[in-house]
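So, here's a batch of structures to check.
Below, chain A partners chain B and then partners chain C, in two separate complexes.
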Partner chain A sequence: MNYHIQTDENTLHIHFQGRLQFEDHKEFKKLIHETIPKMKQRQIVFNLSKMDFIDSSGIGMILLAHETAKEHDKTFHLASAQGQVKRVLELTRISDLIATYNKTP
Partner chain B sequence: MNDNPNMTSQTIEPIKDSPASQPDVMTQWIALSLLQKNFFMTLTAEVQETSDVVENSAIGLSHQFQSLSHLALEQNSRISDLVDNMSNIEIDDQVQDYQNIINSMNRVLEEMVSSIVLFSKEAMRLVFTLEEVNKDVCDMSKALENIDHINKQTHYLAINAAIEAKSSRSNGQQNSFDIIAQEIKELSNNTSQLSEQVKDKTKRVSEGINGTYSTLQKIADTNLDPQIEAKKYIDKAIRAIVDNSNTQSDIMRSALGTNEEISKLVGRLTMTMQFQDFSKQKLQHVDEALTFLMNAIDKQLSATCDQDQNLNQSNLLDHYKDDVLFMAEEFLDDCGLSKVKDKFITNIKGENEFAEQSKNAYTTPSNDLTENDNDIELF
Partner chain C sequence: MKTNLIQACMPLSSNISNFCDWHTNLNINDADDRVDLNLKIPTKRLYDAPEWRENLLSHLVKELLNHAQNHKYKSLKCPEISKELKENLEICFIEAVNNAIIHGNLGLTRSLKDNKNDFLNLLEQYNQVNSSSQCLQKHVDITLTLTQQSLSISIKDEGSGYDFPAILSQLHEVYIGNIKPFSKDGYKYKGRGLMLINACCDDMIISNHGTTVKMLWDLPEPQQDKDQH
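After this line comes the complex of A and B, so read on.
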């Protein structure tokens, strides 16, 4: 898993690349716990356009990130999922829990 | 076709004059009548044989069409069963349509996926918590090592302090003891700090363990009954689908067998319907024989007219009309077919429409089929 962060006045964008799976949990946890509590913006967007693969632990981590954002009164979105990632998100009906967009909101 | 040597379309020569003696007209007519009688006997036998063939073929066709009708009904019933079987499925003695089954299975799978998502989230929470606990345990281990080190130093200092105290008391000096006492106090403070740290870490470890316990409890408390029931339901649905598929195969196999029977029956029907060829040939023979007789009579009439200057063949019927009618009515009294009789009389009377009427007497049934044709009762 690789990522880079981009910010504007209202939104913190995290652009993911590659795969999100169990072995990425330490890095992911660090990213979440270091970013969300300190961010000034109102909303956070996970941009998944370059993410190639996600497994069930990746889904679990995204849900924990969403939970953390809620704890800090931040709006959490997923955006631009493609291919396998999009199919898994649809299959797991993540959009019932998290606002999901085809493009960056 | 003409395979009967007795019947020919060739015009027969009228009764020829014998060189010895010329038979009189009456003799010629009697000879012709005898010939006609002979012909009629043969033709009656032909017509009777044709009638028998037509009747037997019609009965055979009737039976075969009945069999065909039964087979078609069986096929109908089979197709109806097949349609029911393809759209419905029986699970736990309840008939449900496939759409319901698919919806139920979809619902079940969605619930299972939701459970997996929930498990994934809680499992990752557990992983994160255990990571924290692990880090805290490592810190505690380091703190304990430090305490151990301080204890050792305290122990040495205590020994030294005891020695120094004894020496001071003998020399009347107080300073060395004070320094040592100060060191012990400092070590004691460090120990206290470390103790606090350990206490703090212990508390966090305890919290971590409690969190883990809580997560595990959540996972353990997850009600898996719906999933277990879902699995049972899916198993049953799959078994029912397999049973349905087997039933459909049986029905199709049976339908194929019936199709073969229908095919054979249609073959037999086609063969039976060849009676038409046979009948046509027979009736052609009769027609040729009757034509032959008509020509022979014409020739005899011509010969008779030649011998009697008072007679003319063109107005012969007018001349003998009353006699012919009288004779005809006498003969035809025994004729059962009143319609044919009337036409015959009309023809003799000179209204030469007989041939035309005969053509139209029996019109071909319409080939237009109606929607009620299925209701036609076969023979």
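After this line comes the complex of A and C, so read on.
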């Protein structure tokens, strides 16, 4: 799992690259717990355009980020999923719960 | 004919060689119309080097296809592995191996609460597995089988199994029936791995009290050689 963070006035963007899977859980948890409680923006967007693989644990981690954002009154979105990641998001019906955009909102 | 891969004539990738160095049990079994490749790997290897879970499949498939290509009876045509099939193989393999390690051999379970803390507790339990735990000595048994009609992967763990008919029935209700995931009665954090396996293979068979999952993909008919027309 690789990522970089970009911010503007209203939004904190986390741009992911590569894979998000079970073995990334420690790093992901650290990222979420160090970022969301401290952010000043009102919304957080996970940009998934460069993520090329996700497993069911990765989906669990996204749900974890979503709940953490909710606890801190932040809006949480997913954006730009492609290929396998887009398919897994569709199969798991994640958009029933989390706003999911084809492009960065 | 049973051939230990260490002695097989095809070149070995470095990762596969490492698995062999670790005294894992990797065998290829030839028959006229099929190739079986079986690997027994201790949980500890996969626990200590989790990145191998993602590397292992491509190496095993490569070895299987190399073997099919060099099949001495020549009655088995080597299939094309499409991008879609490759993606399906990968997600199913990762989910099944993770289930075998986490829920099977390590015996880690979730409560019925299915919430964020339950998910975090599971991750915490996983991180706290003692390096001398007997559970890490249990094996994950992986078998790939290629025939002219299909490719299958079977993953077997040495855990105590689970009530899979009940889980499958609930999953069916949540993902195919009328209950929506994330609703009051639907799943939130759990059950998604099996659901993904079910969605990404042509047939999923769970047996041995839930300790074995076999995933099967139908292969397209091989194209006839041009000179036969």
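As a convention for this text, the second predicted complex is superposed on the first by the 105 of 105 C-alpha atoms of A that agree within 3 Å, B and C clash if a C-alpha of one lies under 4 Å from a C-alpha of the other, contacts with A are read in each partner's own complex, and residues count from 1 in each chain.
To be clear about the criterion, a residue touches a chain if its C-beta (ideal position, glycine included) is under 8 Å from a C-beta of that chain, and two chains touch if they have at least 3 such contacts.
Computed from a predicted structure; not experimentally measured.
Partners chain B and chain C, brought together by superposition on chain A, clash.
When the shared chain is aligned, chain C comes close enough to touch A:19, but chain B does not. The larger set of touched chain A residues comes from C, when the choice is between chain B and chain C.
Applying the stated contact rule after C-alpha superposition, one finds that A:53 touches chain C and leaves chain B untouched.
With both structures placed on the common chain, the touch criterion links A:84 to chain C but leaves chain B unconnected. 22, 25-26, 29, 56-57, 59-60, 63-64, 67, 91-93 are the residues of chain A that lie in the contact sets of both chain B and chain C, per the superposition on chain A.
Interface residues of chain A facing chain B in the complex, by the touch rule stated above, are 22, 25-26, 29, 56-57, 59-61, 63-64, 67, 91-94.
Here chain B touches chain A in the complex through residues 110, 113-114, 116-117, 119-125, 127-128, 131, going by the rule given at the top. Interface residues of chain C, counted against chain A in their complex, comprise 50-51, 53-54, 87, 90-91, 94-95, 98, 102, 116, 119-120, 123, 127, 175, 180-183, 188-189, 192-193, 195-196, 199-200. By the touch criterion stated above, chain A contacts chain C in their complex at residues 19, 21-23, 25-26, 29, 53, 55-57, 59-60, 63-64, 67, 83-84, 87-88, 91-93, 96-97.
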